[in-house]
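The two complexes that follow have subunit A in common; it is paired with subunit B in the first and with subunit C in the second.
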Partner chain A sequence: MSLAWSFYISTVLVYLGVDVMACWGLNLQYGYTGILNFSFIIYQSAGAYTAAVLTLGPNTAGSFQQYIGGANLPFPLPVIAGGIAGGLLSAVAGVITLRRLRSDYQAMVFLVISLIATAVVTSDVGLFNGPAGLSLIPQPMSTALNFSLVGYRWFYVGLTAVICLIVYAFLQRITSAPLGRSFRAVRDHEQGAAALGKNVTGLRMTSFVIGGVIAGISGAVLVEFISAWSPGGWLYQETFVLFTALIVGGTANNAGAALGALLVPVAFLEGSRFLPQFGPPGLIDALQWVAVGLMALIFVWFWPRGVLPERRRIIKLPGLPQAGTGRPRPVDYEKTAEIR
Partner chain B sequence: MFVHAIGFGIITAAVMALAAVGFTVQFGVTNILNLAYGDVMTASAFVAYVSHSAGLNPWWGLVLGGLFGAVFSVLLNRFLYTPFIRRGARLFTMIIVTIAVSLILQNSLQAIWGPDFVSANIAAGASVHVLGMIFTGSQLILIAIAAVALAALHGLLRYTRLGKAMRATASDPELARNCGVPTRRVIDAAWLLSGLLCGLAGVALVTELGSFDFTTGSAFLIPVIAAAVLGGVGQPYGAMLGALVIGIATELAGTYFNPVYKDVVAFGVLIVVLLLRPQGIFAEVASQKEVAA
Partner chain C sequence: MTSVQRQRAAPAAQAALLRVDDLAKSYGGVHAVAGVSFDVPRGRITGLIGPNGAGKSTALGMVAGAIKPSRGSVLLNGTNVAGWPSHKVARRGLARTFQQSSDFSGMTVMENLLTARYGQRGDTLRGALLGRRYWRAEQESLTARAADVIARFDMARMANEFARNLSGGQRRLLEIMRALMTEPEILLLDEPMAGVNPALAERIEDYLLQLKQDGLTMLMVEHEMAVVERLCDPVIVMAQGEVLAEGTMEQIRSDQRVLDAYLN
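Let's turn to the complex of A and B:
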């Protein structure tokens, strides 16, 4: 493998890991709990900015970039702090949005929060260096480990994979536990869940904040690798890419979410890089967005459950005959509780 | 400076009222949160731009833009939104569908006209002073057009059978259908009216701004939604009042703080209203309804 390919493939793999994590976070919120979080990308961004300023070191006067709260923490503290920042911002947004609003207004408010965040970070240069963004963020352990340039990149691919596995194990644990069942109950039948004594708002907040932490971690992992972060990279449209990935891959199914991340943000958007360039600058970008929109519409139309649909969960109540005993009899749907 | 800001606010409010009333009429009747609305505004503005480049009088651009918005919105509903709802798409899915349409429309416009701003200059006319506020001739015409369009809509909703049927469909589509109201045609009429106002607002907006690009309409959508929600969804008069409040508030914020915070003020008002009074200023109740087609 030539050096250039090695560079490129390692970069794509880190992006894949980050997108998979982001899709899992969004999947917990949207797929499992039914929160239409159109501001997902800002929690990723909060994690990225936090990790960046905690790695860059104190801001010196006269530096080419300005930011708040600089520090020089060792890895993995900036990534953990990024997760905390994503979770805290989610908690604030969740308290505003999830308590009283009807669900279509929630979607609208999340969209608005995303726009506000972009406007504020872009115009308030003292916060995170405004539209130019932060750059030259040191990569974790790059000096201590003494790898070659390419070797370090493959080391980072491994690091991302490890973090992905931790997040995956955690999410599988949650979603197969009673907590995950409560999330799905809130999604499928809010009043029903409330009638059974579930704290609907509390459950939504829990899911939302956990998703925000994962978003923050994904942003932190990405920014430590690419060394730069600016508002142009986290416009509200980016959240839509993740939603499209979920719809394509399959909601409420962590394998489906990972597949969606592989298909949409990585295979599709990276793959079109290799098409011959044509037309004026900006044309291909525009056509890419058109294609992402069309992809979302086509999947909602033909395969609304995605490539890997959610597992149907059927729970037999006690007192019903077990499968395989006696002759088959018609299913008594009155006594079969189906929980999706 | 304060009076000048109020003057700007009134112009912004006139354009915003056109857009917000159109948005609220459609949202009230069908309950589809159409996030592609802003991009239809931009598309209408491009229609006006093309007609102007072809040598037509700019006011023809307003007519053509309005017609385009009306026809496009009806087609969008007939051939995209309604089939999706028939196929079982519900509230959440429809929001994703409208965002997808918004992205497709916005980036198609970019693919056709490129990423640069185009000029929408028309003769501004002599300036007129009213109570210390300065308006140009074309701005006064825009305000007049907004007033006439909204008065006509008021007449339509208040005094015609169609208006009554529309209000009935908005409050309960099932009941209206059972009472013999042809709800499908009423919904078409709502999209037509909404699209007409959307197209007019799009052309008015770029006439007012002087130049525009493919994101102009979608950037304007959030203050428009803020105005509609402030007035109570489905309440045209509320939307007018909401537009006046948001229009003046954003211009004041733009004058006294950073102009970038114009939008932040609109967003802030939207969020505060949603938290304190989600049913808006006028509406009695705002229970959640399913989408109607």
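Let's turn to the complex of A and C:
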């Protein structure tokens, strides 16, 4: 493999890991709990900015970029702090939005929150250097490890994979427990869940904040790799790319969410880079958004459950025959006494 | 001791499990429920009937915590739960079914039942993170109970089917089964026979009678007079947001105000 391809593929793999994590976070909120979070990208961005300023070091007067809260923390503290920032911001947005509003209004408020966040960060240059954003963010352990440029990138691919595995194990533990069932109950019928003693707002907040933490971690992992972050990279449209990935891959199924991340933001959007240039400059980029929107519409219309739909969780008991069609996933209490 | 056993052991003096007093709900200038008062005695099925728009479902919603009352009290086992949110009322032993089906359509029948029980060990973030070892034993016992309920309602064939694939009548049954999984002290039923074919309606009626014989207290909104006649005693008649009459079905049938407002 040539150096250029090695460079490119390692970059794409890190992006894939970041998108997979983001889709898992959004899947927990939307796929499992039914929260239409149209502001998802801002929690990823909160994580990215937090990790960036905690890696850049204190801001010095006369520097080409201005920011708040600069520090020089060792890896993985900036990534952890990024997750906390995503969680805290989502807790604030959740308190405003999830307590009293119906889900369609929640979606509208989330969209507005996303627009406001972008406007504030773009306008207030003292916050995170305005529209120019932050750059020259040191890559974690790059000097200590002394890898070649491409060698370090493959190291980071491994690091991203490890973080993805941790996030996956964490999510599987939650979604396979009775808590995961309660999330899905809230998604399917809010009043019905409340009538069974479920604290609907509490469950939504739990799911929303965990999703925010994962979004923050994904942003932090990305910014430590690409060494730059600006408002142009987290416009509200990016949230819809992740929603499309979920719709295509399949909701309430972490494997489906990962597949969606592979198919939409990585395979589809990256694949379009290899198209021969046609039309005026920017036409292909604009068509990408049209295609993403069309893809979401087509799947919602023809395959609303996505490529890997939510699995039917079969619980097998003596005297209860299995019935129906779908993707059975047997759990035999007699033998394994397990619930999945 | 199950809730049913607890009810059987309760002294006869505590006749009314639920006492509604001067309960009212206004939307702007419209009085949907204009200060109703009634008792729901233990171990019986109390019928709540009346013409459309009488305020029955609103009253039921206020009792269950889904609708915040403008005034009045709802004494459940002596505790005033008026204005409490649904989940807190449910935790005090009140279960309900809805006029429109409220099943968790993306979950199987079995999962619907397993979700029903409040306070499961793995139903908190901490409990979930502690892993299967922490919550598995409780799930096994809940699963055994769910299997009993499913067998009792002859739904074994559908146990692992998505709720969205059930018929309308089966969904009604599922709601009742799910409510029973909470081991309620009182069950509120909002038109349980609506949209159900006659054969299944008969089965639902039989199940409700069995539950009554087990000592479960129920408050049922229903339009089908023959069903009310067979199941309910006492019967409360509402019209235009007020209680018009209360008594046995025989007494209700001979009440001229009821005849004028509803039965005729």
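Definition applied: the second predicted complex is superposed on the first by the 312 of 340 C-alpha atoms of A that agree within 3 Å, B and C clash if a C-alpha of one lies under 4 Å from a C-alpha of the other, contacts with A are read in each partner's own complex, and residues count from 1 in each chain.
Keep this in mind: a residue touches a chain if its C-beta (ideal position, glycine included) is under 8 Å from a C-beta of that chain, and two chains touch if they have at least 3 such contacts.
Bear in mind that the values here come from a model prediction, so they are computed numbers and not experimental data.
> Quick check for you: in the superposed arrangement, does A:Arg312 touch first (subunit B), second (subunit C), both or neither?
second
> Give one of first, second, both or neither to describe whether A:Ile42 is in contact with subunit B, with subunit C, with both, or with none.
Touch status of A:Ile42: no partner.
> Looking at A:Ala93 after the superposition, I want to know if it touches subunit B, subunit C, both of them or none. Which is it: first, second, both, neither?
In the superposition, A:Ala93 touches no partner, neither subunit B nor subunit C.
> Tell me the contact category for A:Ala261 with respect to subunit B and subunit C: first, second, both or neither.
neither
> Determine, under the contact definition given at the top, whether A:Pro304 touches first (subunit B), second (subunit C), both, or neither.
The first partner, subunit B, only.
> Looking at A:Ala245, would you say it contacts subunit B, subunit C, both, or neither? Reply first, second, both or neither.
Neither: A:Ala245 stays clear of subunit B and subunit C.
> Is A:Ala220 touching anything from subunit B or subunit C once the two structures are fitted on A? First, second, both or neither.
Touch status of A:Ala220: no partner.
> For subunit A, which residues lie in the overlap of the subunit B contacts and the subunit C contacts?
After superposing on chain A, no subunit A residue contacts both subunit B and subunit C.
> Considering only the defined contacts, which subunit A positions touch subunit B in the complex?
Interface residues on the subunit A side: 34, 36, 38, 96, 100-105, 107-109, 111-113, 115-116, 119-120, 122-123, 237, 240, 243-244, 247, 279-283, 285-290, 292-294, 296-297, 300-301, 304.
> Give every residue of subunit B touching subunit A within the complex, in rising order.
Residue positions touching the partner: 31, 33, 35, 80, 84, 87-89, 91-93, 95-97, 99-104, 106-108, 110-111, 114-115, 222, 225, 229, 258, 260-261, 263-264, 267-268, 270-271, 274-275, 278, 286-288.
> Residues of subunit A touching subunit C in their complex?
Contacts found on subunit A: 170, 173-174, 176-182, 184-185, 187-189, 191-200, 206, 210, 252, 310, 312-317, 319-324, 326, 328, 333, 337-339.
> For subunit C, which residues count as touching subunit A in their complex?
64-66, 85-87, 90-91, 95-96, 98, 102-108, 110-111, 114-125, 127-129, 131-132, 135-136, 139-140, 143-144, 147, 150-151, 156-162, 165, 175, 178-179, 182
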